[in-house]
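Read from first to last, the chains carry the letters A, B, C and D; within each, the first residue is number 1.
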């Protein structure tokens, strides 16, 4: 597959962790343990994991509201993610942000954003800083197909293109903006053509193929450090509802079932086994590890203290 | 030229009126008769005049801050324009808006906008209304090269493309956004490629050729009523400074001189005479008429009353 | 009378207006099949079809701008912004375009645009989905602001808003969507600029609006148990603001407590306090003018934190009692 | 001491900080060769080069967003928005991003971003280029707001702003750019949250900021000729606001006039009035709390109209005298 075995292992484990993390989070919801909302990326794990695993620690990412794969991909701590999900003091945002706002400065995550498209200009600013300092690093900016219709997308890509900033724009195209199908929110089929408006390279690929995503990111990073921004569109699908309260009346069961057959984790497993890179039992072991990690995270989160009400007004200002 | 003689006459007269209007307005500035600012389109007359002359009364336009040509093209009354410029009660906006905000509901102008790009979504709404009512009419939305970098541009074109609204987006590319050359604010040379982001036709043409602009608009309108929005880029040049207080340190005299040779009024005159459509003396007569019209407008404006201070708070709400 | 929820009342108002007037249409994100993030428009696509109930791309500037332009061209758009926090994304179209168009064009156009949007905290949706931003628009000449507190008002104010020739920001109270109340059938309006006395009293005037009205009524009830009669005034619309009603209740009670969910500093409470302090009501004041508002902080995710920063019944009750008993201690700053 | 203009003082502050600290850079529309719409950055491109003084496309969302991201990544961006009205175009980045980032990420990031922008009317630039929008941001927790009224403050406050770890909206007063004043050399700061008594008095406390300070001083002078001594307090920063100084001056004078250019309803004057009315100062009040502010209207183009809607010296003087003489008549609403 042209990728070291250790990397394949890492990709698989992170995807399995993401999957297990979200399945568990969804269960916690049903159990009424969570106040708020969450957006799950089940079915899209290959995008965030593939991209972020190709990055170096000094590379930065700007995440979306549907970014557990991005977070785990970049090396965030599942325990603190789960703690944030449960609103605990030990969470990444001390329970202030919830999973729509997880961030981890220590691994280079500038945070997830609750404003669709809101993180795109911020990512450009981060890439500006890397460029300004002469760093050998890039910023990766994630956003959805829906976000590509926000004005912020346009302004940010244009600015990055003019200044040739080291940034990879990653559009995670799951064909829906909430309930609105791509065909109802854009008059184009291939989002990567939007790169032309900025005179930068744009390309689309199968977002459910983690190896392809990983490899494309590695290569893009090299080019970006030389020539400036690129737009990469990862075509994938959201298997779950948009958020916890989605009746899913806007799509057919058949459509969902068809995509379930392209489950990125399953595809990757089969491919790894077929290619003889891993035994099925190796992967079972990784699945088991993911399950243990997440279970441990839940334990950590549940046993963590609530934020103190007396400290509610902290951190409004530095 | 494939255009009726009467139309050629109208195009020439409107361009001459625009030119004279602005030269006169500039003089009034120097004489200290104007409080505020103004943006002149000298050198760009063929754009607004060419486009708007191709429209029907029920077609609507959204103007820019640099839109005297658009206003005169659509048939606005020069006297009330001048009165507005001087802040008089008889002006189009009763002296409330100034020339950055002239509008004329009666001829289908939705007004000029002081927010760069701010009028683009509004034009989309007007086209929505035409479409909603099943009217056989289009909206023309003017904006500059600089405005094409605002998020509003992107959102508006996308929305219009999804809903196939009857709108012609006209980018008046004079190669500068204030002091900033196109090459410093965009990473592309041909703005019309941006149409691809919305799956709509986009094309560029010589914005100093009024006949080409007029003809292209007529044809575009027909297509638009069938198929939805298009983006037309008119390449031209601003001969004057950006606004009254522009030191013009950002461009060379040579550049300006080169463009002066492509003066749209002069080009048109020569062409009309060469083609034998008009005698030079016919055109001299039109120039004289334009001069008379503008002189009369100044007289009208100067002799018009100031708005009453007691009425300052009128029209905040309907 | 029939009971219905606040969300149903809004849907009824909008639907009735759309039946009555062909020029009314409705656009926004996921308002069609999905029925809106809070289900307000459920079923409307089926009744009115995609010509009049139209899903948009995620483009708040274009959504509001489309409303402005369509309104200038003679239609009566109702646009939904999914959460009121996102008005920030469309701010230019709201304040520089919709609110200015009539004035800056010398009265040539009117802009009969309604922007409906859910406002407020309490759902665990955190900083960017929980704000109460009415103060920005109360400070913007050229736009009206409604904050209905009951299903009946929601319907009557929305009908008024749709028929108003001016832009209206219609701030729906997220946490009220499922609350029920009596709602008149058919065509009626609640006029803008008329506050409602929700409870008569004589000791303390409580001035409030939106979702805090219910909390203030509960607190007044609790205070009554202690022999203190609070009058509760629901402003209903903030622009125009019923200054006469404010002055009247203050003159009657002599003590005043202003309550809102939005954060204190720079909030509408300041405008109310200033209205009182710069009017004849000043001479009737027996005590300083108290404000009990949201804390000056973004809204946190954690439920306890989130609850703690917005006025609650016990706190409101306490303030009423302290005011009535002249026990209030006035902070230096 | 040297005299320089307000614009020069700003340029000096920014230039000195850029010399001192490599992490400070400056971006905005036409700030390079053109030197900014008001000439504030003239010559800076020549000194610092296009790496650190960079013209942008017309993309206010991206400009501010770039500042937010660069700040989160450790730089100290100063961004210019050409007219303060255009903050509406970038509103999401300012209020939902810059002002929230620290809190919502649990304190992991700070956002040392300065947004410089010219504010106010008086130039004939009409509705969309003349607003005074400070109140929106005073109501936004997580961002500071400065409104310098003198060249010396402009420099000292800007240096403070650049060194502040938080986002700061720095509202320059368009009509003050060419006014001159003494400005200390070199490195000094004016702290945020400290108002300045610009004139001592005992009869009427005039509380103001920005370009109205000079008008209030002139009015105080005129009132002095009639034997009335007004104290003039310049708030200098509105967030944080020096509430102690407000209370102090009110307690001293017993009567108070609040003056600002921004339109009255929902303006910062409400917050000031509420601060007074809900503090111990209330008990020192001899008269209602007066506000003299811009009218509730968009700013018109015509010079007479434009002048007429903003407080002027004669009007301010008259209010001071009426307050002092207990002649004020309090409107009903």
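Keep in mind that, in the parts below, a residue touches a chain if its C-beta (ideal position, glycine included) is under 8 Å from a C-beta of that chain, and two chains touch if they have at least 3 such contacts.
Bear in mind the structure is a predicted one, so any value in this text is a computation, not a measurement.
Using CA-based centroids throughout, the chain positioned farthest away from chain D is A. Averaging C-alpha coordinates per chain places the centre of chain A 41 Å away from that of chain D. Once the centre of each chain is set as its mean CA position, chain A and chain B turn out to be 45 Å apart.
One simple way to say how far apart two chains are is to compare their mean CA positions; for chain A and chain C this gives 36 Å. Between the Cα centres of chain C and chain D there is a gap of 29 Å. In chain D, the residues that reach two or more other chains under the touch definition are 56-57, 59-62, 85-86, 89, 92, 96, 103-104, 126-128, 141-142, 296-298, 300.
With touch defined as above, residues shared between interfaces to two or more other chains in chain A number as follows: 93, 95-97, 101, 113-115, 118, 149-152, 155, 158, 162, 184-186, 316.
Viewed as a network of touching protein chains, the structure reduces to a complete graph with every chain in contact with every other.
Touching chain B in their complex are the following residues of chain C: 25, 51, 54, 56-57, 59-75, 77, 92-93, 96-97, 101-111, 141-142, 144, 165-166.
Contact residues of chain A toward chain D in the complex are 60, 62, 91-97, 101, 103-105, 110-111, 113-115, 118, 120-130, 132, 139, 151-152, 155-156, 158-159, 162-163, 314-318.
Residues of chain B touching chain A in their complex: 149-155, 158, 161-162, 184-188, 193-194, 196-200.
Partner chain D is touched in their complex by these residues of chain C: 85-86, 88-89, 91-92, 94-96, 99-100, 103-104, 126-128, 135-136, 138-142, 239, 241, 243-244, 247, 262-263, 265-280, 282-283, 285, 287-291, 296-298, 300, 330-333. Of all the residues in chain B, the ones that touch chain D in their complex are 34-37, 87-88, 93, 95-98, 100-101, 113-118, 146-147, 149-152, 177-180, 184-186, 246-247, 249-250, 306-307, 309, 312-313, 316.
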